[in-house]
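Please find the structures below.
Both complexes shown next keep chain A, but they swap its partner, so chain B is in the first and chain C is in the second.
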Partner chain A sequence: MNLNVSTHAHHAVVRPEGRLTASGAPRLKQAIKKLIDDGHPRIVVDLAQTEFIDSSGLGALIGGLKAARLAEGDLRLAAASDSVKSVLKLTSLDRVLRDHPTVEEAFGDG
Partner chain B sequence: MLDEKSRQSALDALRVLDTPPDERVDRITRLAQQIFGVPMVSVNLLDRDRQWRKSEIGLGVREVPRTDAFCDATIAQTGTFVIEDAAQDAKWASNPFVLGDPHLRFYAGHPLQAPGGEHIGTLCMLDTKPGSLDESQRDLLKDLALWVQTELAQQQELDHAAVVQRALAPRDLPQPAGFTVTAGSAPAGAVSGDFHDVRLLGDQLRITLADVMGKGVGAGIIASAVRASMRTAPERSLLRTVREIDSILEHDVGDLHMFVTLFCADLDTRTGQVSYVDGGHSLTFILRTDGTWDHLNSTGLPLAMGLNESHRLGTVQLNPGDALMSCSDGLLDLLDLEDPWGQVEQTLAEFGIEGAVEEALRRAVAAKAADDVTVVVVRRDS
Partner chain C sequence: MSRRLILIRVVAVLAVLTGINYVTWRWMDSLNWEAWWIAVPLVIAETYSLVDTFLFAITMWRAKEREGPESAPAGTVDVFITTYNEPVEMVMATARAAKLIAYPHETYVLDDGNRPEMAAAARAEGLGYITRSEDWTDKPRHAKAGNLNNALFETDGEFLLILDADQIPDPLILHRTLGYFGDDEQVALVQTPQWFINVDEADPLGSQAPLFYGPIQQGKDGWNAAFFCGSNAVLRRDALMQLGIVGYVRNLQDSTERTLRAAEKLLAREARRSQSVPELQTELKDLRIEVAQARAAITSGEPIADVTYQLHATINASSSRLVKHDMDMMAEDLAAINALPVQRDAELGALVIDQVGLDALTTRELSPLAAVKSVGALVDALRVDRPDEAQPIQPLATISVTEDMATAMQLHSMGWRSVYHHEILARGLAPEDLQTMLKQRLRWAQGTMQVLLRDNPLAKRGLSAGQRLMYFGTMWSYLAGFAAIVYLSAPVIYLMFGVMPVNAWSGDFFARFLPYFLINQLMFLIVARGIRTWRGQQYSLALFPVWIRACTSSFANVVFKKPLSFVVTRKDGRQDGALPLREVWPQLTAIVLLILALITGIIRVLLGTADGTGTLVNTVWVVYSLAALSIVIQALRYKGPAAHAEEAEGAP
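Now for the complex of A and B:
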């Protein structure tokens, strides 16, 4: 899994590419933690290039969501594939990890 | 002074004797052979009157009598035992393996210890030419021996964990009149992160199936905690039970970003009414007599999330002939994704309700499933 991180005026974007599983989840967690520590608690996880998420990957997203909310920010998803969306729906996690069509729409205000 | 009795019982406790070859140990003997450039390397365990080899290269046999074995001398001392040239050694020159086939000359062995320190065997190497080990080679042999004993002890620890976990699985499933209950689990490794339970409390059949994120020992520890919490105070309502487990888990392991998906239900055996809570599990179905499937949707998030979202109670009716099936997502990996439920239905038809769970677990083992597989099926017969 490759991980790209970029920061913008009002939010930061994390882009996991490939399979988000037990081997990549710790790096995603660390990247999110670093963003929050550096003062970027509004985070979009761009899933456009994420082929697959397993339970460890979901754990990392949930951990990131909780940490972001503690820092008075939020973690939102963008561009999830149908298979990732169905995993979120099956686990009811779509109720807290909301997916948006594009990164720009995730926080609505750019 | 060697206490043979405690040595033997430490070896027996490891339960490694007469087990199949283990790649993790074979790897070390191969490495030793390459490093030292000797034709014969062996991991020997000294059992009563025999020497049994967990791993060997160049010796060809797994078992030889203990009499006259070099390794018997090695376990009597603390450090590495080396015979540079047995033919020139007064004590060993007349040994049958030196005088006769295979005409051994060089021997170096280091004792292997059980977790309690007992010398249970050796890592040794042999050559038909004389040889010697310098100080750094002796250190290397010792390190490799320590590695072998770690592998042996770890396997024993995992085996023991697996035995304990099997003891926690429900052995005698309740079979209330008019119902057939069947269930089973196959771990991907030694220990499973799934757990299931079926108990009869008065007229209520309480069915639980949970899957802890990840697998292996860490997940297994959490699965045991969930099982214990589920079993405590069975008079609590489902919603209250789930709420309390959720908050315990969130407190204990929320920081580890672990979560648990769980399905639990109370089936009223008089009426067939099922009340359930599904925490993000979403893998429970009712197979109707007309061949259709009803999927039971999640009624809340997985447990241990700590997001202040509550669960709701769902209800569904199980009519005569209907079967409720709940599984862990490990089962999905075994199914043909084109038509997973058709395959389940066919398996149920072919093997019957009892045989179908067995068949699913057999396939899990045969496919060396990457995830734990658990299935519970409850059919209302009449």
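Now for the complex of A and C:
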């Protein structure tokens, strides 16, 4: 898994590329933690290039959501592929986190 | 189907049919209503036993004897050795053996005792060492489940081999078990037997459970309900994490729904109270509408994180408006006060502000701030991060002190499968004294009853009928303590006072009871196939006070939230001190009463005041009970395996 991080005026973007599984989850968690520590608690996880996600990957997302909310920011998902969407649905995590169509729309509320 | 299984099924059907024949007759035609106070409890106890027979027959119906996996072992593995207070040397012996497991893996010591010497020993051997992260400070720790959950987030193997601190693994343990996960992608658990090396043939504490780690687990396996027993098992990480996430979502949905309801009520009440402050009232009414809309949005399927995020923003905006309004009011008041010359301190020329009055402003009754504050508290409860728990995701179930059973039931309910692999691949240490053993059994029984009360398998969604019965069967067996009281009392009451729970000890009784009894024994014999089950039978009666205490304490725990006074099983040998007579007084009392009853019964026959057949039946019954209970005396005198071996050899 490759992990791309970029920061913008109003939010930061984390882009996991490839398979987000148990072996990649700790790195995603670290990346999110670093963004928050650096003062970027509004984070979009761009899932467009994520081919596959397992429960450990989802666990890292929830951990990130917790950390971001504690820092008075938020963590949002964008552009999930069909395979990722199906895992979100299978675990009913789609009841908690919305998959926004694009990264730009994720923080559309300002 | 094997000939053995056909035989088991024939005998199982016969056992249940003869049982129904006997118990129906008991209810319809044999009750001595004049002594209903013992007659009715006895027939209820017998009905309980019939249900037990039925559940055992179902368990054995599809017993599965696996040859071993077909696939080659594959995947990455973490080996977890869980410890809390066991001696460092014991843990390290297990850890060194774990390191030698032939299949490639990482070994971790999960030290819930957070001991520096444990950490040093593990690191010296190049092993992983994990303790609770700082997230756990001041949060519920959830014992072993919490220890494992903590480690799951610090490691990344696809499969996890879990070992108690005393369970020395065989180097081939992973080679023999991992293939099952390749055979079937839905397999989440492979359990192997627990076997104890510090127990000799006599096994006075009944530590080996050959019937359970054998026919019973194989029977449950046939219904895809092999149990997870906490150690010597391999688990699929993805399955556990999925469990954690689904549990998180469910918990969040419930708590959000509850919190929003409460917030609506609170806002309505505060709005009524604040009629005197119109600005506040309007604000509260508006907030209430927002909360109601949020609730409706979630019901209609909007993601919870979005809805609560927006609601947070709305409430924050509203409370800053209110605070501003309050501040403006205070400023006005101060200006007014300022205008009054009498309020100035004559000497200092400064304004005298009544501190008490100011404080009162911020208290609940006087200030609109308070209303917003309590709403704020509710909103805090709306957080998606489970602030009351160290981890939002808890893969291993925390609803019971026996996390293993609860976790396996969750896995089964979500469609995962389990495997029982009948080959000893780890060898451990059993408790070496009666007290420790009693505590261990109590904990197992309490944990099982907690699961029954919190997550009843008969009502749980996602389980098959067979799985429901397999879980329920184990729970049902722990009700045996109540039946035991009746089984022990009835013959004593008859032999001492001649009170008969049945109309007559007639030919009818023998014709119906004996076939049921004998076929039942035959079923056990066939199922056990030479395994010695007498120890288990003895303890299932002899531990009746433990079973009863487990039922009452777990009921008090689940319903009235009373703590269970949980104790970790000691595995480093015997505790010092005198004979623990206090722990087994009910059994000792029962033994004395049974012997007195036996003597009285014989005297009464000799005097001609008692019926010969009745006395014979009850005498046999009492002798059986005494034989079973006598294990308690053996166990009391037991001084651990070393001493036992010396005695056997006749050494000084």
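Everything that follows uses one rule, which is that the second predicted complex is superposed on the first by the 108 of 110 C-alpha atoms of A that agree within 3 Å, B and C clash if a C-alpha of one lies under 4 Å from a C-alpha of the other, contacts with A are read in each partner's own complex, and residues count from 1 in each chain.
Here is the rule we go by: a contact is a pair of C-beta atoms (placed from the backbone, for glycine too) under 8 Å apart; a residue touches a chain by one contact, two chains touch by 3 or more.
The structure displayed is predicted, hence computed values, not measured ones.
Visitor: With the two structures overlaid on chain A, would chain B and chain C clash, or do they fit side by side?
Guide: Overlaying the two structures gives a clash between chain B and chain C.
Visitor: A:23 contacts which: chain B (first), chain C (second), both, neither?
Guide: second
Visitor: Does chain B (first) or chain C (second) touch A:93, or do both, or does neither?
Guide: The answer is both, since A:93 touches chain B and chain C.
Visitor: If you stack the two complexes on chain A, which partner ends up touching A:32: first (chain B), second (chain C), both, or neither?
Guide: A:32 sits against neither chain B nor chain C.
Visitor: Touch check for A:47: first (chain B), second (chain C), both, or neither?
Guide: Neither chain B nor chain C is touched by A:47.
Visitor: Which of the two partners, first being chain B and second being chain C, lies in contact with A:63: first, second, both, or neither?
Guide: both
Visitor: Does chain B (first) or chain C (second) touch A:74, or do both, or does neither?
Guide: After superposing on A, A:74 lies in contact with chain C but is clear of chain B.
Visitor: Is the number of chain A residues in contact higher for chain B or for chain C?
Guide: After superposing on chain A, more of chain A is contacted by C.
Visitor: With both structures aligned on chain A, tell me which stretch of chain C collides with chain B: 2-10, 200-208, 236-244 or 632-640.
Guide: Stretch flagged for C-alpha clashes with chain B: 236-244.
Visitor: Touching chain B in one complex and chain C in the other: list those residues of chain A.
Guide: Touching chain B in the first complex and chain C in the second, residues 22, 55-56, 58-59, 62-63, 65-66, 90-93, 95-96 of chain A appear in both lists.
Visitor: Would you mind writing out the residues of chain A in touch with chain B in their complex?
Guide: Residues in contact with chain B: 22, 29, 55-56, 58-60, 62-63, 65-66, 90-93, 95-96.
Visitor: Residue numbers of chain C touching chain A in their complex, please.
Guide: Interface residues on the chain C side: 76, 153-154, 156-158, 237-242, 244-246, 248-250, 252-253, 301-306, 309-310, 383-386, 392-393.
Visitor: Mind pulling up the chain A residues that touch chain C in the complex?
Guide: 22-23, 25-26, 54-56, 58-59, 62-63, 65-66, 69-70, 74, 90-98, 109
Visitor: Once bound in the complex, which stretches of chain B touch chain A?
Guide: By the definition above, chain B touches chain A via 213-214, 254, 257-259, 261, 279-283, 298, 300-302, 305-307, 309.
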